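There are two complexes below, and they share chain A, which is joined by chain B in the first and by chain C in the second.
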Partner chain A sequence: MVRLWLSGGWLAILVLAAIFAPWIAPHDPLAQDLFLERLPPVWIDGAEPGYYLGTDSLGRDVLSRMIYGARIALIVAVLAGGAAALIGSTLGLLAGFYGGWTDRIVGRIIDIWMSFPPVLFAILLVAVLGTGLHSVILAIAIIDWTRFARVIRAETMAQSRMDYVASAVVIGRSRLGTLAAEVLPNVLPTLLVLFSLEMGIAVIVEAILSFVNLSISSDDPTWGGMIAEGRTQIHFAPWVLVVPMVALFLTVLSFSQFGEGLKDRIDPVLR
Partner chain B sequence: MADPLLQVRDLHLALPDLNAPRLFGPAPQVGILHGLTFDIPRGATLGIVGESGSGKSTLGRCLVRLLEPTGGTILLNGDDITHASPRDLAAHRRDLQMIFQDPMSSLNPRHSVLRLIADPMRLHGIQDADAKARDMLDRVHLGRRFADRYPHQLSGGQRQRVGIARAVGLSPRFILADEIVSGLDVSTQAQIIRLLEELVADMDLTLAFISHDLSVIRRLCREVIVLRAGQIVEAGATSKIFSAPAHPYTAALQSSIALPELDEGWLLS
Partner chain C sequence: MQNAILRLLTTLVTLFGVAVVVFVVIRLAPGDPIAMMLPPGASEDDIARLRANYGLDRSVPAQFGIWLSGVVQGDFGTSISLRQDVGSLVLGRLPATLELAGLALILAILLGTTLAVIGTLRRQRMAESAVDLWNGMMLSIPDFLWGLIFIVLLGVVVPLFPISGRIDPSLNPDYATNFLLLESLVRLDFRVTADLLSHMFLPALALALPLSAVIAQVLKQSLKEVMHLDYVVLARAKGFTEITVLFREALRNAVLPTLTLVGVQFTFLIGGTVIVEKLFSYEGLGNLAIDAVINRDLPLIQGIVLLFAVLFIATNLIVDLTYAALNPRLRHG
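Now for the complex of A and B:
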């Protein structure tokens, strides 16, 4: 209960910040002012009013960059996580339910996919697809669908052996109808948890790609890019590093906690 | 009255033997049912008895065509359904219902009681399925207030009433009940049996009742077939068979004497 509200609260703040970024960001996230470089956050001496989280080495407002960075983090989380979930769980459901050659083909593809080291795979993909938000999203979906496919396939297989699937045949449900109306609702809680984890993973992967300068253009504010930049300033302006790291941590944690909490809340079997 | 609802002729079933050692090719088959022949007349209450592993459930699953026989024929109302495709079976599904042994596994845990009873009706185009499902809740003496519950919120006996309502709600011609009281305590068993008796009488159902509890069979079933290692060793009126068993196996079952191990010949023949 508490975790649902806490994690949901943080995610709600992020969503609002992302949507209303132009209105709530106190400054232009790209505006540089060399007279205002490395200003500390308001709770440290020497802060300048209006720069709540301080500024970076180019004098850009950290809070404004965080707010615009939330946009990119959330877009990546939802689109990359959603695409990976859609591809992975569709294949996992079909393989687990129909078995036979469907299962053999999907299983083989998963094995091949998983033999690539994921970070290398991501860097390679982005190098091929070119940098930019859409290739980051595509790369994450292309790599991470196997997480869904593996788990959902195993879960679907276990569910398909239950008598309620035999009972669905007896009452005259079609095969596909049985998969959709009987098996899917029982796989959904697992899917929800996986999806919430994947959204957190997507945010981290985007940050890693930004960190190695393979995400979107380095001027655009992303949390990973800010962490990369903050690293070079750690002795003069630690807040430039700490603020995006804390936000990243809270966001990844909130996604997983929110997913777990929501599952407990909406699953009739757990109520 | 004379023409039977189900005619079973020389029914064979073999399944792939997953335990057999093999390197290549398909798994060898292991025979489970070996040429069963019997009729189930309309309105019959047929008991199927036999020791554990004798093939009762397998036979039942062939009758409702959850399994496809590997030999022989099954006629429903004169229609050959032995190898009917899912498409062809669709027309017969409504008439071949089943109540499962374990309602915890056979009732979808994420469907409400109302949905569990109404969905079969909806699938068969029955109008006002929700209203009729609520009526069914009364018929099985559960009451309408259970409509919005989920299976895990019910007791074992209540769950099995939902299983019965789900099957009987379609007013099928034939119902197979496979060990439906074996998971329940004795007083609940008696209630469920009484309910089934009531519904069979009211709705003109034809019932096949699988059980290893002969006292239940004696009470519920007019005819009985005795199965041993996939073959029928005795069949006939319940009263006659239990008062004067012709086969020593039946007598042994009845006195629940430990049965001798089957020799290999039974399985291979």
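Now for the complex of A and C:
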């Protein structure tokens, strides 16, 4: 329960920051000022008022870049996670419900897909699709649909053997109608848990790709881009790296803990 | 014997499939590598000449034919951005990545086994919940973030370890191979060994932590099952201490399910080296791979991906063979 509140709290702060970024951010995230470069955060001597988390090597405000970076992180999390969920759960539902050759084909594709390490797969895909936010989202969806398909397939299979499915067919509901109206609502809780976990993964993948400069342009504020910049300044201005690192850490941990907490609450066996 | 030959054949078919897919997919990529090589103001003639030089003026199947016949003869083409032979570039970097992945695997096994043993010996007590909590954390934080955390904590706040490179440039060992760590051990050149290990420790640990959690989880689960079996109960009844029972009787039988899983997860660890090497500026394959992608260096990307595919397939093969060797039920299969 506690972890659901803590992780949910951090995610809520993040969502609010992303939505109201233009009103909250104290500075323009792109504005450079070489007279204000590498200012430390407020709790270290030499800080400048108004720059709460300091500035980077081009004099850009770290806090403002963090807030705008949250926008990109969350857009990728929702869109990529949503697309992966849509592809994966559709295939998982069909394979689990119809069985037979549909199941064999989907199962085989999942096996092949999952034998390739995701980070390498992502970098290769982005190399092919070209850099940019849309390729990052597409790459994550193309790679991670298997996470949904595998679990939803197993869950659907278990549900399909239940009496309520048989009764729905007996009273004359069509196969597809049964799947949509009876089975789907019962796998929805699992889908939600997976979606939460997937959003955490998407945030990390976006950060990795923008860290190696394969996401959107390096001027745009992304956490991964800030980490890359901070890595080169680590001995002069460690806060440029530490601030986005902590945000990334909390966000990834929150998504996974939120998912796990949700699982405990939803699953009556565990409660 | 027949099994082994069949296995080898399917492996070759898989490799060929990987080669075709990678070749075709990479040809779909937007962006012209030739345009990136030439200075602005190069004439149409220059562009055409360079294109022909790299064989890029032929059709895709013809390019694949040329590339494949080269690969069979050990010629992987020429890197466009570095203008060097792809084969020697890639093989020159491979030892660094293998040594890093190997060290990470050793760390993961040591850590994972320790956690599993603690969790099993202290079942239903505080220690077990602590192990479970720690495991959950290890699993949800990926290697990239661990790497960053170590850079900050153990590289900058408490500067115990170097955070970039493979070796101190002033040491510059004049070795015959690029397996610097192994060769320094063979030559008893421990100053070099120590320096290499201190450079490798943080990236290897970052790679090892998520894997160690997987090992701990699975090993703990199978240890738990084994600890209730009759022969363990008998050993306990004979008066052996819990630790002796665990190490002498239970562990041997609990290792098998863990082994298969470690094999699969190890391929993920090798994949993870790509980003961790970049993070620690470690001169391995992964670092080369990222530069190749950024420079759209098609021959180099192909060579690296093919080599990674070989590594994954080899890992799975080794795991299968070890499994067969350790599991007496499969010995005459």
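By our rule, the second predicted complex is superposed on the first by the 256 of 271 C-alpha atoms of A that agree within 3 Å, B and C clash if a C-alpha of one lies under 4 Å from a C-alpha of the other, contacts with A are read in each partner's own complex, and residues count from 1 in each chain.
One rule holds for everything that comes next: contacts are C-beta pairs under 8 Å (C-beta built on N, C-alpha and C of every residue); 3 or more make two chains touch, one makes a residue touch a chain.
Everything quoted here is computed from the prediction, not taken from an experiment.
Participant: With chain A superposed, do chain B and chain C clash or fit?
Facilitator: They fit side by side.
Participant: In the superposed arrangement, which partner chain does A:Leu248 touch: chain B (first), chain C (second), both, or neither?
Facilitator: A:Leu248 sits against chain C, while chain B stays out of touch.
Participant: With both complexes overlaid on chain A, does A:Val2 touch chain B (first), chain C (second), both or neither?
Facilitator: neither
Participant: Between chain B and chain C, which makes contact with more of the residues in chain A?
Facilitator: Comparing touch counts on chain A for chain B and chain C gives C.
Participant: Put simply, what angle do chain B and chain C open at chain A, by C-alpha centres, to the nearest 10°?
Facilitator: Computed angle, apex chain A: 100 degrees.
Participant: Examine A:Arg175 and indicate which partner it touches, taking first as chain B and second as chain C; both and neither are also allowed.
Facilitator: It touches chain B, and chain C stays clear.
Participant: Based on the superposed arrangement, let me know which partner A:Leu34 touches: chain B (first), chain C (second), both, or neither?
Facilitator: In the superposition, A:Leu34 touches no partner, neither chain B nor chain C.
Participant: What's the minimum Cα gap, in whole angstrom, linking chain B and chain C in the superposed view?
Facilitator: 17
Participant: Using the superposition described at the top, list the residues of chain A that contact chain B and also contact chain C.
Facilitator: In chain A, nothing is touched by chain B and also by chain C.
Participant: Spell out the part of chain A that touches chain B in their complex, as residue ranges.
Facilitator: The touching residues are 162-164, 166-175, 181-182, 185-186, 267-269, 271.
Participant: Quick check: in the complex, which residue numbers of chain B touch chain A?
Facilitator: Its residues touching chain A are 64, 66, 86, 90, 93-94, 96-98, 100, 102, 105-112, 119-120, 123-124, 150, 152, 166-167, 170.
Participant: Taking the complex as given, what residues does chain A use to touch chain C?
Facilitator: Where chain A meets chain C, its residues are 115-121, 123-124, 126-128, 130, 200, 204, 207-208, 211-214, 227, 231, 234-235, 238, 241-242, 245, 248-249, 252-253, 256-257, 260.
Participant: Quick check on the complex: what are the chain C residues that touch chain A?
Facilitator: Interface residues on the chain C side: 22, 25-26, 28-31, 136-137, 140-142, 144-145, 148-149, 151-152, 155-156, 163, 267-268, 270-272, 274-275, 278-279, 289-290, 293-294, 296, 301, 305, 308, 312.
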